[in-house]
Structures are given as structure tokens and as C-alpha cells.
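Going in written order, the chains are labelled A, B, C and D, and every chain counts its residues from 1.
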Amino acid sequence: MLARRWESLILVLLVAVCVWAALGVDGFANTSNVSFLLLDTTEIALMALSMTFVVVAAEIDLSVASTLGLSCAVLGWLWNAGLSIEAIMPICLMVGTLCGAVNGLLVTRLGLPSLAVTIGTFALYRGLAYVILGDQAVADLPAAYTTPATQPLIPLVLVAALGVGAAVLLHATGVGRAVFAIGANQEAAFFAGIRVKRIKFWLFVASGAMAALASLILTFRYASARADNGVGLELAVVAAVLLGGVSIFGGRGSLPGVLMAVLLLGVVRNALILADVANEVLNFVTGLLLVASVLVPNLGALWRRRSTSQQEVP
Amino acid sequence: MTALTEATRPGAGGRGLIDRLTRVRELGIVLALAALFGVTGAVNPSFLSVGSIRDILLNSAIVAMLAVGQTLVIVTRNVDLSISSIVGLTGFGGALVLADHPAVPIPVVIAGCVTLGAACGAINGLLVGMAKVPALVATLGTLYAFRGIDYAWAGGRQVNAADMPESFLALGSRSVLGVPLLALVTLTVLLAVGWMLRNLRSGRELYAIGSNPDAALLAGIRVRRRVMAAFVANGALAGLAGVMWAARFGTVDATVATGRELDVIAAVVVGGVAIFGGSGTVFGAALGALLLTGITSALAVLRVDALAQTAINGALLIAAIVLDRLLALRVAGTLRRRRYRDAR
Amino acid sequence: GGTTKGDAAPQQSSAPAATANPNAPLKQGLKIAFLPKQVNNPYFTIADGGGANAGKEFGAEVKEVGPSDANASSQVSYINTLMQQRQDAIVISANDPNAVVPALKQAMSAGIKVVSYDSDSGQDGRHLFVNQASAEDLGRTEAQLIAEQIGGKGKIAILSATPNATNQNTWIDFIKDELKKYPDMELVKVAYGNDDDQKSFTETQGLLRSYPDLKGIISPTTVGIAAAARYLSNSPYKGRVKLTGLGTPNQLRKFVKDGTIDGFELWNPGDLGYLAAYAAAALASGQITGAEGEKFKAGKLGEYTVGAKGEVLLGKPTVFTKDNIDDFNF
Amino acid sequence: MDAVLALAEASKSFGAVRALREVSLRLVAGEAHALAGENGAGKSTLVKILSGVHRPDNGRILLDGAPVDFGRPADAQQAGVAVIYQEPTLFPDLSIVENIFMGRQPRTRFGRIDRTAMSEQARRLFARLGVHLDPEQAARGLSIADQQLVEIAKALSRDARVLIMDEPTAALSGNEVARLFGVVNALREQGCAVLFISHRLDEIFELCQRVTTLRDGTLVAEHLIADITPDDLVRRMVGRDLDALYPKQDSAPGEIALEVHRLTREGVFTDVSFQVRRGEIVALAGLVGAGRTEVVRTVFGIDRQDAGWVEVGGRRLRPASPTAAMAAGLALVPEDRRQQGLVMDLSIERNVALTGLADVRRGPLISRAAEHARARDWAVRLRLKFARLSDPVGVLSGGNQQKVVLAKWLARKPSVLIVDEPTRGIDVGTKAEVHRLLSELAVSGVAVLMVSSELPEVLGMADRVLVMHEGRLVAELPRDEATEESVMSAATGRTAA
């Protein structure tokens, strides 16, 4: 029920910002800008979907952006090697899946904290990307793929479809229930016969696969496969997930909330840039938004407790 | 986090065993360090030369300082991602003052930076301790926010070595008895904090908080105050690290230390500090920092292909964590069997 | 089957259709936006400052926008927003020459003039490229500088930016080529400091540890050379190991004076921005279209001619030594 | 005689739930005061008010007759109130001795913690309580019982004026309880005021001089122990006459349902073999730390055995897989409901559904209706006291939480039911309830294996009693041979059967 309140909070904020931007910022409310805006959020949205599951299960995956980079590198490398793009894409997805699997194994089999593991693979996967593609930038990708990627239709349909799927999976199926239980108290979940390790493993795998999928879209959108594609995206994804109301301690969160958060961050960014707000302010606002989203409700609670306790004092 | 399958239970006569176990935990890193220096030294003896060792100490001084601070926070089951931004802010601020107001005495500048850092820490502390914002969220936010302030302040300006007084830059390169000054500073802080964490009530209470926050409240520990203190201390150390950065690298702009937070957390974790709080020592964290910077230097010395360095770095980091974990599991196993024999 | 590299259609450059009117006056109140690799970067602050000055001279409103992190694709969303703002011209230094092309193309088709400076974008993504100094000049002169500093013999190394840095990589190619003329000199390693101060610092240490008999270092990046200089200046290698490359006088004055560096080179970034702004204005005013051979005036810098592939060359780089360094302040 | 600590017309509500209504209570020096009441009657709430965890909505706390305001637990501790909470509150990463003295460690002149002095005090304490735990070992992995003992040591270590104990004996077996009472009585004679909560009436009558009864948050009555019989007390608590506490029906044992063969887990238990037939209740008795929980954990696949195997219905179980065990019809009600039994943040209904996610599905999706029905059904059968089934389990009273754990497993209709301390913290009324339930299940052909530290329960319910000592099975006693003496002597390792 906490999640409910949260979603509505984010939604209100989102609407408010959109209204403000539409009225106050010229160049915001027109189809081409909106489609830019949506496109810009595609990769983050995709990775946020799987990240939500991971965080709800009280784990975290900081290696997503590096996985994305590695997949990009593989794509460029194989493309230069003359493989057909249709053959390369599934390979990239497999690479992502593999990256996720490695994280999953280290976390579940060795019981290592995911934060530590994925900080490691964060460096490892990015490094491998450099090893594979080195300093090249592969740009001569087929227009048949790059052009549609710059149109909002396909990415949006993809995000929407996967989004709905993920939401149902998390909120209406046994697996979802299990994920929440694991996040809230994995020992109890284990005692209830839930396959904690197996489920966690697959969550990481999914996370890797999503990163790879995102990498395809990103590469085609920018018509450029490089080892350093998507550097720093992991924080954006985590930020979106947290802003979306997912508890970093696991066991709490909602997918619609996260998707709205992704959108919110995208809109704010776009609107502020249009309004010629300096980049530093932009970072500042992002940070503020993140803190405020938790702070406001908490302060409310805090204040209420204070006031009641005062009248309690005899 | 409660162990899933194996409930490790140090049994009767566990005293010696516990000691062994704790020793082993740091031993893991020490072994890794030995291996690193051994191998690298074998390939290229100059790596073990006095000069080289000094450079490595110097390089790790700052990360180690940050790792010590971070340990204080992580032990309380929190985390501070914003340190990199605090270092950036204080580092640039300090340099700017030195450049524009040469009149201001250096100790004042240093004190100022430490205070500024402590202030940033206090903001984190308020958010986490008082307003109950999860540390990761709060400090991810302030990570952006502090950096934003930094950028705004700098406005594209860069302070160069030439602009700062020699006497200040000298602090970055001076050695005392052959040991770099910065390394000594870090060492002093390390020993002091280490002693406090082990021997003072306040220190132990940090562990208690991290181990079970609710119980800590029931035990009458002033949780908020302690958490607050941890963040402030961490901020202050980050501030100090900022000055050290300026003194060491001479050229500073708004981007100083960007992204370093992950290195520091990595160091702390490699150092055997439980990411979920309650256990670990600053010494381990410092060793972790030494190991990571050692790796970077080693790769540079070993003529490893530049493109491969990041990858190897990551691989070794994981290897270190895994090694540490395997050792821990091993000890747990032997403990169980040992008690079995005792029970007979 | 499937789409492979082979059958990827070669991207034909969009030939400038419009005709130029050489004596059209510069329009008033043009909106020109500078989009550097990274804002808050001293180098670009100076360059874009130059652009702003030019703007004042011909009454245009010049602004600087951009990401604070210099990674590949972060510029694209800025290009899009600049399009929304209907700027007259975009002056860009591309982080990823390819990634920006699609967006720039859209901008161009929306009637916006695009000038790339400092770091070119894909050719069909801009009308003009204002080149700070031909890659060839830079590469070769750097090789020559180090050669004369170490007397033409001995081991040298290069401390570059990131492995992906387009500029540095082209320069390095020319450095290598020039070095062929010096049989006694050996390039032992190209190290990468990722334009990160600490990394560059550590890499320098590494170089000297692993090649104790190193004679010289070329660092074709302002960050790298500063870090290297700082390490050398308080190490025993000071003066023994020569250092040259690209740097700004303010950054390196101290080291030139204390003898760590004999000489290094750079173009004047202020002039670069200045020229780019004039080029943009000339395009937006229809003086030129970007076709080879066209001429335009760039205020105090005089007249420039558009070269092959729509390139405009700023001029030869300046070499800074202890004799002339105090004449410069940037 | 004047009250050291007193509660005057205190009330406390949690949202809709009125946990406590105008309750007054006086704790007098040198007197042990019992607090009796069903699960959810408000006992722990009262304790938490006296210890400064909760502030009363209205009403006052009086210390030596003067009103005080316990804002934080620290305040109560300053006032000399020592508390043993119903649920253990230990620091798993710290050593037992640090747990005991946290915040009050003895210090040298320079404020440095004096570790030797600390350990010394701890050892003396344990000696007094007859606890055989190594003070230097970490608290992680201690069984509930051991945790309980540490909590007791913690409370006794601060020589308090008021000692409050919320079900300290719930997980303890006979002689630990005896030891505890010995110490408490000593303290009481030194003039300490004691508040004692337990669902074991015999303990109340043994230890206390006065008893206050709560029902639904209101004070029913206060008596001198001398003036009241256990049956009256029960009537006051439950508000009705109570049917037999051990309604064991006889049932003919069927074929073997569970066979444990030479099961060994090094360091904890060794070479344990036994069988449980359909329709019989087998009790696993023993002292704390005998390894009973360990055995059932391993049988259910939580831990991996080092040797031996488990057969259910003649088919061997895959080791270390609760999922496999459940598929084979096994169910385990664990001893630690907070950590292992329940997901505190999840609602009652979701907790109940957790063990049968497959049963509450419509197609691939979860059916809230089915989920709700499943929970409602068992909530009624177990007389669960709750506001809404969608409330998080965490807000339920201790005993009611235990009921949810039972519901969660009984809803699976297991063929072999393993219960570890099934009535821990459950009130007499419900206890009878649970016992009838177990007995019915047995009659209906379920094989029941019951770990219990409560001897009367063992003797009252079991068809056969297995006794463990130091990780070994030392005796197997059929119902008619199982007596207090025979079981205890086996449990303490005096005779080996």
C-alpha cells in the first residue's frame, strides 16, 4: 500500500512537470521533441525493468552499463568480421545473458554480496569491451536497422510490451510473490520451499539480457558501436528504480512506479536542457529529486510522530 | 543478512578459533598482496625498488583515507556514495582559495576543507539518520548534488600547479624518513580510527547498530547520533582527502575524483568489511585500498596492453573477493568439525 | 544471407545544393550554439569564449551548452534540443564522430548550419570542419620536437588520452610515421591516461619503472602532459627524461621555467572558437555553403579559404618555450 | 508498601487495534508479579510501554510514585528497568559477551573498554545461570533457546530495580527454567521488583506472588496467587471454561511415513535413525542444544547432511532441498518464527499463500480471492486475532504470529508434519487448540514429528518419545514408559536406553 501512495506521488509530479514544460518551455510540446524524449529513455527503461526485479529481491546489479558496452563491442567486432547483423543480434543477447549468468553464479553459488560482485564485473565487462573492439568505432551499420531505431515506434512498442509483461510477472504471478518474499526475508522464503538461489540467478541473467537488448537499440540509434557506449548509465538506472519507489533493502516496489520514474527523469532532463539550464544545475536537480522523493513522505511521518508525541507528554 | 544454509556456530572453546578466524580474514588480503608484489617484482624487480614502493604508498594514501572513512559508515549498515563529490568539492575549493588568496595560511585552508567535508557529511547524516532516507538513495542524490555545486563553483575553471604555493604542493611530494608525508597522514588516521573502533564504547556501538539496528535502539544506543557521527567523520576524512588530492596532483578542476566512489567501496569490500554492516575493520579496508592501487601500478609496470588493463583490474578484484569468501567458508567448515571433535 | 558489412550502402555525403553569395553581409542577431565535448573543461571554456567574443563583434547571440561527461552519445540529446530551439548554427566538437551524425543530419535538413571544430564529426554530419591544425602538422612537429630534445636517439613513449580518442589516434599515426626518419629512436609504448589526472600520473610512473632507460615522453593531450610534468618535476628523472606534447601555457608555465619541459606546442584555442563562430555566421548568412574554394573573412584573423572535404585550417601550431611562454595567457 | 514502577490508566492503540485500555499495574519491590492473558491480550504492549519502546496514548508511568516520561528505551534503563523482550534482540556479528554489555562495557580510566573484566563478569554470570555457552563466540547461529539465555544474562547483568521478562521461558526446557527461577528469586529477595509473563501457568504459580489478568487489552482482575487456582486463572484469561489441554486421541499407527537413516551432520548431531508411522505423534525431546532442531532442519533439507539419508513414503529425499521435501509431503514449522517462519513485511494472506503458490493460481496468475479464502479458512480454524488479513504479519502478537506459521503449513495438507516448538508463545486456549489439531491430523493419518522443550506437552501428546543428548539419539520410550523421570534422565545422559 506504500507503493500505491508512491506511484500516485510520482504520477502527480510527472503530470505537474509536463504541464509546466508544455506551457513554460517552448519547443517541448511538439511531436518531434516528445519522440526524442521518449527515445532517450528507451535504454534506461529497458534496464530498469530487470533492475526492479533485482532490487526487489534485495540485490543490485551495477554491471548493466558495462554489459551493454561489451555487447556493443561484440556487435561492432562481428560486424567488422563480416557476419550478418541478423546473426549478430542473437549473439549479442547471448553475450549479455552470459554476463548476467556470471554475476548470478558468483552471487548465488558463492554467496557473495551482489554490490561487491557487480562492482567487479562493472570493470571486467567494460574492460573486455575495450579488449574486443579496442579504440575503433564501428559506424557503417545498415540503414535498414539504424533508421527505424531513430523513430520512436519500435523502441516504444518494445518497452511497452516488455513493461506490461514484467509488471504482470512481478505483481500477479507466483514468481513475483517469491521475489518479494526473497527480498523481504530470504531465509523465511527458503524455509517456505522457494528456490531462492535459482530465482536470484535468473534475475541476474535477465538483467544481463536486458542490458544486451538495450545495447542493440542504443547502437542502432546512434549508428555507432563503441567499447565506451553507455558509460555511467548504471547510476541513471539505479536512480530511476529508487525514485520509482523500490526499497533498496528489497521486498518493496512496483513496476509502474519505476516506469513513471524513468519518464519523469527523462522529461525533467529534456525540459531543463530546452530551457537552457546549465548542466550542473541539471545534475543538482536530479539529485534533489531523488532525495526529495523519499524525504518528503518520511518528513511527513516524522512530523506527525513528533506532534503526537508532544501531546503525549503529561 | 542471515546465512541461508549453513548456520555457522562457533562452538565450545571458540576463543582461539575466533582469533584465528579474524586473523584469517585479513590474511586473505595479505596473501593477495604478497602474491601481487612477488609476481610483479619477479618480472620486473624495479617494482620493488624503494622509489616504486614509495609511489605506490603515495598513490594508495588517498584511497586508503577514503576507505577508512567509508568503513565507519558501512559498518553501521549504511553507505556513502557521495564521497567522490565531496573530495571534488573540497579539493577544488581548497585549491581555489590557495590560488586566489595566497595570504591565507595553509593550515587554515586544510581546516576549512575538513570542515566543508564534515558539513557535507552532516547533510548525508541528517538525511539518513534523522529523515530515515536509505543511505544509498540519499548519498546517490548528494553525489549528484555536491558535484553540481562543484561544477557551478568552478564554472570551467582549472587551478594549475603554477597557481598554488610551492610550500603546499611540497606537502604532496615530501617524504619523512623516506615515507611519503601523505602516507603517514593516512597511517595516523588509520591507527587512530582503528583503535577507537575496537576500544571505545562509541566504536563498538557502531558495529552494534550495523549488526541489528532495532536491537541497538532497545539497548539504549543513541542510534541517530552515532550514524550522524559516522557520516560526519567520513565527510571530514573525505575533505582531508580532497586537500591531499590538490597537494598531490596540482591540477584540479570540477571533475576531480569523479567515479572514485566505486573504487573506494571496492577497496572496503575487498578488505573484508561486510557490505551489510556489523563486521570488518579499517585495517582490512586500508589493505584493500593498497591492494587495488597496487594492482593498477603493477599493470602499468608489467607492460600489460593498455586496453586490457581495465579488464584485468576487474578480474583481479573479483578474484580477491572470491578468495576471501572461500577462506571464510573453509574456516566456518573447520570450525564446525572442530567443535564436533570437542564435543566428543 | 542477411545484411552484412559488404552490402551496407556507402553513405554519400550530401553535396551542398544552395549557391553561395560571397558578398552577402553577416546577418544580425544570429543564434549560434557551441556544443563542446564537455562543458566545464578549461580548454573548451577558452575556445567557446573566443566564439563568444566573435559573436559580440558581429552581433550574434552565442551560447555554450553540453554534457559534463565526455562520453560518446551524451551530445545527441543536446543536438535535438538545439533543433527544437531553432538555432541558426551549431558549432560542435564531436565526442563520437559517428553517433552525432544522424542527429546532425536532421538538424541540417531543418535548415541549421553545422560547423565542427576541434574534433570533426562524420563528414556528412556538418557543413564545415574548422581544424585547429592539420593532424599531420601536429603529429610530425611533436616527433621533431622530441627528436631535437633528446638528440635524435633513444627510447621514447607516448602518453595519450583514451584508447578511443579520435584526434590523439590520428596524431599518433603521424608521429609514428615521422619517427621512421629517426632510425636511432624507438617508440616503446603507447600508454593511456584516459585524460584522467591520476591515471595519467600513475601511467607515467609505470613508464619510467618499466623502461628505466626511457629518454622522452610525448603526451598529445593537455591532461596527460600536465600529469607527466608534475611527476617528472619532483622525481629524479627531472630534466633527464624529456617531455613534450600538447598543453596550455598556464598549465605548464611552472614546468617550463623549472626545466622539466624544454618546449611543447598548441594552437590558440581562443582563436579556434573565434574562427568557428565566424565560419558558422558566414554559412548562416549564405556567404559560403561549405564547398571547396569558397572564401570568408574571420575578423582579426583575416581571410580563410574552405579546403578539401569542407575543412578550414586555423594555422600552424605555436611552440612554447621559456623564451615566449610569458607572452601567452590561456 | 509503595510501588517502584507503576502504570496508571494507560491506553495504547495501533491504528484500529486498541491493544491496551486504561490498564493500571503496580510493581512492588520484592514481589514477582505475573501478567497473564491470551495471545494479543496486550501483555507485550504493556511491557513495551514500561520499557519506553512505546509511548502510551494516554495514562502515566510512575517511578517511585512520581510521573516519568520514558521517551526512549535508554530512559527506562536509566531508571533501573531491565527488560527481556519476547523476541530476542541480539547483535549476530558481535560476541555473546559484547551482546551482554553493549553500551555499558566496563572501562578503564582512559575510557578504554576493559575486555578482561568484561569476560570475567560474563563467565560469572553464566556460571550462576548454569549456561554452557562460550562468551567469546559470536551470537550468530545461536538457537532460539540459546539466544533466550543470552537475553536473560543481559537483563540480569544490569543489577536492576525492576526486572521485566516477556515469556523468557518460551523456548527453555525444565532445568534452565529452574536455574532462571533460582536467580530471579534471589534478586527478588534483594528487593527487586519483577514482572513475569508466561503462557505456562505452572511457572506463574511457581514463581509469582501476584497475578494480573488481561483480556483484549483490558484489565480483568488482579489476585494474590494464594487466592486463585489455575483453573480460575484460565477462566479469567479465556473468558470460558477450557477443555482438556492434552486431548490426545488414540490412533492405530499405519505404515512408515518417514524414515531417517543414520543421519549425521558433523559437529551437531551424529548417527540419528528413527521412523515415524502414519497416524502417530512422535516427540523429539532433549535439553537445549541437544541438536533436535538441527535434526529436523536437515530432515527437511535446510541443511545438508554429511552422512545418512531420509525416506518419505519409501522414497529417498534429495538432500538439502526443502522444495523436494515439500513435494514429498513434508512440512516443517520452524522454531524461529521471525527469521524462518514468516516474512514480516508481507500480509497475513500472502504469508499463508507462500507455501502453496501453485494452489492459489488461476492459470498463470495468482487469484487474490483464492489466496484470501485460504488464509481466512485457517485464520478461523486457529482463532487468529487480527484486524485485516491484508495487514502485515509483523503487527500481530507473538502467539498470533505463531498461529500464522501453523496455518501456512497446515494449508498444504502435509502427509508428514514436523513441528519445532509448535506452541512456543501460544496461550493455553490456543495451545489446547493446536494440540487437538495435531491429534486430529494424526488420526486422519498424518505422521507428526514434534520437537518440544515442554515436557508436559511431550508426555501429553506423544505416542513415542525420542530423546536426544549432545547430538545423539539416546533413548526411545513408548507412551506408557515415558515419564518425567525417564525422559529427563535420558536427556541429561545419565542412562542410555
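Going forward, a residue touches a chain if its C-beta (ideal position, glycine included) is under 8 Å from a C-beta of that chain, and two chains touch if they have at least 3 such contacts.
Just so it is clear, the structure is predicted and the values come from calculations on it, not from any experiment.
Colleague: Counting C-beta pairs in contact, which chain pair has more, A-D or A-C?
Modeller: Of the two interfaces, A-D and A-C, more C-beta pairs touch across A-C.
Colleague: Report the inter-centroid distance (CA atoms only) between chain C and chain D in whole Å.
Modeller: The answer is 74 Å.
Colleague: Quick one: chain A and chain D, Cα centre-to-centre, how many Å?
Modeller: 43
Colleague: Rounded to the nearest whole Å, what is the centre-to-centre distance of chain B and chain C, using the mean of the C-alpha atoms as each centre?
Modeller: Those two chain centres are 37 Å apart.
Colleague: Would you give the residues of chain B that are in contact with at least 2 other chains, written as numbers and ranges?
Modeller: As it turns out, chain B has residues touching two or more other chains at 2-3, 5, 151, 254, 274, 307.
Colleague: Two or more other chains touching the same residue: where does that happen in chain A?
Modeller: Within chain A, residues 130, 134-135, 187, 190, 232, 278-280, 283 contact more than one other chain.
Colleague: Please output the residue numbers of chain D that touch at least 2 other chains, ranges allowed.
Modeller: 302, 339
Colleague: Strictly by the criterion at the top, what is the full list of touching chain pairs?
Modeller: Every pair of chains meeting the touch criterion: A-B, A-C, A-D, B-C, B-D.
Colleague: In the complex of these two chains, what residues of chain C are touching chain A?
Modeller: Of all residues in chain C, those touching chain A are 1-9, 11, 39-40, 63, 65-69, 71-73, 76-78, 80-81, 83-86, 96-99, 101-102, 122, 162-166, 169.
Colleague: Within their complex, state which residues of chain B touch chain D.
Modeller: Those residues of chain B that touch chain D are 2-3, 5-15, 18, 199-201, 204-205, 207-208, 210-212, 214-222, 274, 277-279, 335-340, 343.
Colleague: So in the complex, which bits of chain D are touching chain A?
Modeller: Touching chain A: residues 55-58, 60, 67, 69, 71, 302, 322-323, 325-326, 332, 334, 339-346, 350, 353-355, 357-358, 361, 364-366, 408 of chain D.
Colleague: Chain B touches which residues of chain C in the complex?
Modeller: For chain C paired with chain B, touching residues are 39-42, 44-45, 68-69, 163, 189-192, 197-198, 201-203, 205-207, 209-210, 212, 223, 226-227, 230, 234-236, 250-255.
Colleague: Within the complex, which stretch of chain A touches chain C?
Modeller: 27-28, 30, 32-33, 36, 40, 79-80, 82-87, 130, 134-135, 137, 139-146, 150, 218, 221-224, 226-232, 269-270, 273-274, 276, 278-280, 283
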